[in-house]
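First up is the structure itself, then whatever we jot down about it.
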Amino acid sequence: MKRADLQKPLQHHQFASDNYAGICPEAMQAMAEANRGYASSYGDDYWTGKACERLRELFETDCEVFFVFNGTAANSLALASLCQSYHSIICHEMAHIETDECGASEFFSNGTKVLLVHGENGKVDLGEIEHTVQRRTDIHYPKPRALSITQATELGTVYTVDEMQAIGEVARRFSLRIHMDGARFANAIASLNVAPKEITWKAGVDVLCFGGTKNGFAMGEAVIFFNRELAFEFDYRCKQAGQLASKMRYLAAPWIGTLESGAWLRHAAHANACARKLEKELQSIAGIRVMFPCQANSVFLEMPPTLMEALRNRGWHFYTFIGSGGARFMCSWETSDADIAALVKDIRELVQQNT
Amino acid sequence: MKRADLQKPLQHHQFASDNYAGICPEAMQAMAEANRGYASSYGDDYWTGKACERLRELFETDCEVFFVFNGTAANSLALASLCQSYHSIICHEMAHIETDECGASEFFSNGTKVLLVHGENGKVDLGEIEHTVQRRTDIHYPKPRALSITQATELGTVYTVDEMQAIGEVARRFSLRIHMDGARFANAIASLNVAPKEITWKAGVDVLCFGGTKNGFAMGEAVIFFNRELAFEFDYRCKQAGQLASKMRYLAAPWIGTLESGAWLRHAAHANACARKLEKELQSIAGIRVMFPCQANSVFLEMPPTLMEALRNRGWHFYTFIGSGGARFMCSWETSDADIAALVKDIRELVQQNT
Amino acid sequence: MKRADLQKPLQHHQFASDNYAGICPEAMQAMAEANRGYASSYGDDYWTGKACERLRELFETDCEVFFVFNGTAANSLALASLCQSYHSIICHEMAHIETDECGASEFFSNGTKVLLVHGENGKVDLGEIEHTVQRRTDIHYPKPRALSITQATELGTVYTVDEMQAIGEVARRFSLRIHMDGARFANAIASLNVAPKEITWKAGVDVLCFGGTKNGFAMGEAVIFFNRELAFEFDYRCKQAGQLASKMRYLAAPWIGTLESGAWLRHAAHANACARKLEKELQSIAGIRVMFPCQANSVFLEMPPTLMEALRNRGWHFYTFIGSGGARFMCSWETSDADIAALVKDIRELVQQNT
Amino acid sequence: MKRADLQKPLQHHQFASDNYAGICPEAMQAMAEANRGYASSYGDDYWTGKACERLRELFETDCEVFFVFNGTAANSLALASLCQSYHSIICHEMAHIETDECGASEFFSNGTKVLLVHGENGKVDLGEIEHTVQRRTDIHYPKPRALSITQATELGTVYTVDEMQAIGEVARRFSLRIHMDGARFANAIASLNVAPKEITWKAGVDVLCFGGTKNGFAMGEAVIFFNRELAFEFDYRCKQAGQLASKMRYLAAPWIGTLESGAWLRHAAHANACARKLEKELQSIAGIRVMFPCQANSVFLEMPPTLMEALRNRGWHFYTFIGSGGARFMCSWETSDADIAALVKDIRELVQQNT
């Protein structure tokens, strides 16, 4: 771990990630409310039960719900419950499970291989999925068993209801189980303005990892099994993998707080709106190009390396989009108009200086 | 996960576990203070750096520090960094890694075997360790590589400085690395009244899992490597295993809050004192026997099964001590005099009714 | 690996193990016959198909058959197909999977815990199985899922048909799947003189690891699933675990050679008879005690350490029976009357010298 | 496993694989010679020691040698000794560990990721290796730790001494350990006509998996550590992974038989010569194109799908080269002039019929 240094505690200039944001008031308030005296541990408590019910209501089905600490664990454990070690998982080449979880899927499943497909705008190409399934059907190659879909995608786009249904059909045809990485599921719902069931179990999704962290929690994700059979003994799996919180009320409470208040959707809609605003302000600036449709809470910009460097020199935090000379600007529940204005102002100035 | 039911949110009658307790004020306050605006993620932030420094100061050495979500993960990841899959870990038969982590050590290390030794009062017998190491030295049996010590033990006792030094010597003699499960390390320090270094690195401990959860955090443990070489790439290990918090400031802040205020030791001392008070009140009651020296925050009582049942009927929560006809009463930072008085009163009444 | 030294190639004085014996003529002949020109690889060949048929005939049922390289792999892969990582396997404390496979079961199953029961003469105690299943039923401890039975046992005893049926009943009652480690299955059949089905699928055995190596093969075991559902994708499991032989005909052919000729049973009966003969010769010698009923191909003798040492000084190889001051003398298909006579003569002489 | 069917035992018309070939006389003879009486098990025998010495002489260095059952296990165990679960292995996209071992590397290493690079003629592109190492250096992506080189390659080409030295340099620069998959190492040596040390330890190779199976053994590969430190406890690793043969003399003896007689190189040279002969005969036929330089024992031909089908209808076995409309014809120690003549004749006839 890093040494404490002279860096200031707070990053005022950042569009780096929605995980730079803090805890939203509704989540914090719910944790405080849950913090009144003793409660049974390991999920056998009032708040955990209540949070599960709220999620069942949200999805309008009797799903099985588990709370784990973070997204890598949620995805990996969910996938481990779908796959054996000699199976494979098909996902987009930009999927978080491939690019940013340090081999966690392979680790938790004891060797399951991740097979990559391409696809425009961060969405899987159905033809490539079919090709990947059919390319090898012998025992010398891991057998495709799960399809992992990221919603919203890593490129800030969102699968439509129709697209999800088409994915469900392909999965059914090839007996693939569907995992949805929903680290930004709220942003997808806010973007599509549909009932959550429309892009999950009605489209054939077996298990959803519904993210809390990036939408304003201190930490915590919900693993939601629409296919209840696959949830069999998932509690043991979580326990063994170090993902059963003893004081689970603090993982559960933020769900109650944000679901009952509607904040989960309001915050996501806010972050989405910030991204669209940023996109709009920037698209008129010469030399900058928006790379993907802005459908969730991020904007990807193609810009000259010199501009990126100059922005960083002014203290801005953002991610370089690997291999593309692009930059990712991510909004969150906490992004303010002032943040957007300051960034736009700096970009404008730097572009003008250079021309 | 359980259905929400009619159970009351709070358990007013409990000595079940220190993880039934809530978040202590100092931890809560620190989380709130860390919740001011954006901060870099994955530990690259002010609070994480500061918490590491506070821990280095506490241990008076330049140790490597990592923050993970819970104790099972802390223990398992630490042990995985000491062992290969074909190694074995020696621990007391009552150790948490054996009895209550659902095979997590075996899982994270991909098969490492846990070998059990006996020992009075929950402390490992040095002769048995020696026997276990020497009993098999062929490649057909996992090779002992780590010794795991629980401090305070699962039976509420505490290894003295001398005992820890003797353990260190045995470990050195047989090239065993030492892991300390310190889920209740604060209680041990409060009990012994020594500098933390005395029972850790000065006694040869390679890695300590220092518990926050049971001492008043919402969640979180620190994995502290005194042997820095063993920490090599531990950050990768945490990431892959789903134990790298993105908003790490919320795992780090409670350490700052409780270390800077001294609350970490005050709370532990309080819990210990509660246990001693409870022990004192109960030892005069006929038909009840204190099973182990009360050196930390729990009291184990041998009592008739009918009495246990009657207590449960009055709403009391406590653990049955497996296989011994005993009951465990655990105190925490939140245990009050009223809690103790109520329990003692109920036990007295029930014993009198029965005689 | 060891350096080549001056040791003589052959061990003329040995009762160390049945794996010191060579390849029996029927197995060697079958390998030579299979060695005529090209054959399809990975089991898609005539000999593999034929060996499977011979085994189905032997067991009088349509079982699924796989050939793997050795017993550790056979047991571990079979168990991995019965268990998840958070499950546990119950077996006798002297079972080979516990004492002599270096944590292979834990490795192949990614952490499955092995739980030990006692029992006289190397046979599991049914009461202890029941106790072990019922002792813990919470998610903090691995869930018992498989029962592993060694037939013949590691102590040279054999479960009767009635005993196997009783085991089957216990397993059914607790939803435990039954794995049979049959490294010396042939010896058990030769001892009991029953149809193989009587102590396998008719008693509820789900999967049998039928040993070839110790009964005269160069190497190779058959994993036989009577419960065909559990064999689903077992071919993938073998492949991924490095247990799919490319030139599988050479693992399969010895089965054909020994099954069609009856040598599999004849050799086992011979080894059993040798053990009984040895037992008979030795039981009259003062100061030596036969430790367990001699029902298969080994004799365990309690004898003074000085005698053991003296025997070793005369060049005899045999195993020390760990923790008991005993010695194991193991016979094989290759054991000769001369071997027995020489050992008995040496023991007699050494005992007489000492008295 | 397949049912025995009406297929003929032998495939007279095959260029499918060198693992369709049988046991060569020298290997068979050596197994028979080792089959005289008892020998110590688990490698503590004369033949194992002697085979190790022969290999040390061949490589002119004091390497550590282990014998395992097959190539998948050899590669996976060797790689597991180079990597942790959060590391990655870089290899060519056509490498056997990627395409034909069903995720074994990931399984044995508990999740290690395999990263692919392109490169002409089946050889890794050094620039891509550099790019792959440098592309990601954060803890969110597995850290490159090993470079796996296949010699001869899967496309029948061979790295020259210079190429191996260049690879060694790149590996050194990025602290990558080098694993060589030498399933057809003998073919590479026969092709290059150099001392084995020139393309192994002198070029920086840490561990070589030297194949016996494809060069005329019934089964068996040697794992040879030139970097002896990496071999530490490899015996335990083999044991736990089900790769320690009890009657190891039968895995070791064929090495003695083929090394002492020179057959290992003679057979490889023969297979190489057969491939060159086949190439020569076919390159004059219109409509057929040799796809890669023929440097080892295989010929890859681009040919019309109708021709492939027609060949198969005449009973020929060969592999389709996935994704390229090509066909692989593999020669072995057993390939005869008659085999070549028959194949060439059939191809000629079929091509003429079609034109």
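Per-chain numbering from 1; labels A, B, C and D assigned in written order.
The criterion applied here is as follows: contacts are C-beta pairs under 8 Å (C-beta built on N, C-alpha and C of every residue); 3 or more make two chains touch, one makes a residue touch a chain.
Since we're looking at a predicted model, the values are computed, not measured.
Student: Report which of A-C and A-D is connected by more C-beta pairs in contact.
Tutor: Counting C-beta pairs in contact for A-C and A-D gives the edge to A-D.
Student: Which chain's mean C-alpha position is the greatest distance from chain A's?
Tutor: Checked the centroid distances; the maximum from chain A is C.
Student: How many Å are there between the centre of chain A and the centre of chain C, using C-alpha atoms for each centre?
Tutor: 51
Student: Round to the nearest whole Å and give the separation of the Cα centres of chain C and chain D.
Tutor: Once rounded, the distance between the two centres reads 33 Å.
Student: Centroid from C-alpha atoms only, then distance chain A to chain D, rounded to Å. What do you get?
Tutor: Chain A and chain D have C-alpha centres separated by 42 Å.
Student: So which stretches of chain D touch two or more other chains?
Tutor: Residues 85-86, 101-104, 107-108, 110-111, 139-140, 142, 235-236, 239-240, 244 of chain D each touch two or more of the other chains.
Student: Help me check something: in the complex, which residues belonging to chain B touch chain A?
Tutor: 1-5, 7-12, 14, 16-17, 19-23, 28, 31-32, 34-41, 43-50, 52-53, 64-74, 76-77, 101-104, 107-108, 110, 213-214, 218-219, 235-236, 239-247, 250-251, 317, 334
Student: Which positions of chain B touch chain C when the two form their complex?
Tutor: 85-86, 88, 99-104, 106-113, 135-136, 139-142, 322-323
Student: For the complex, which residues does chain B have touching chain D?
Tutor: Residues 42, 84-87, 110-111, 139-140, 142-143, 233, 235-237, 239-240, 244.
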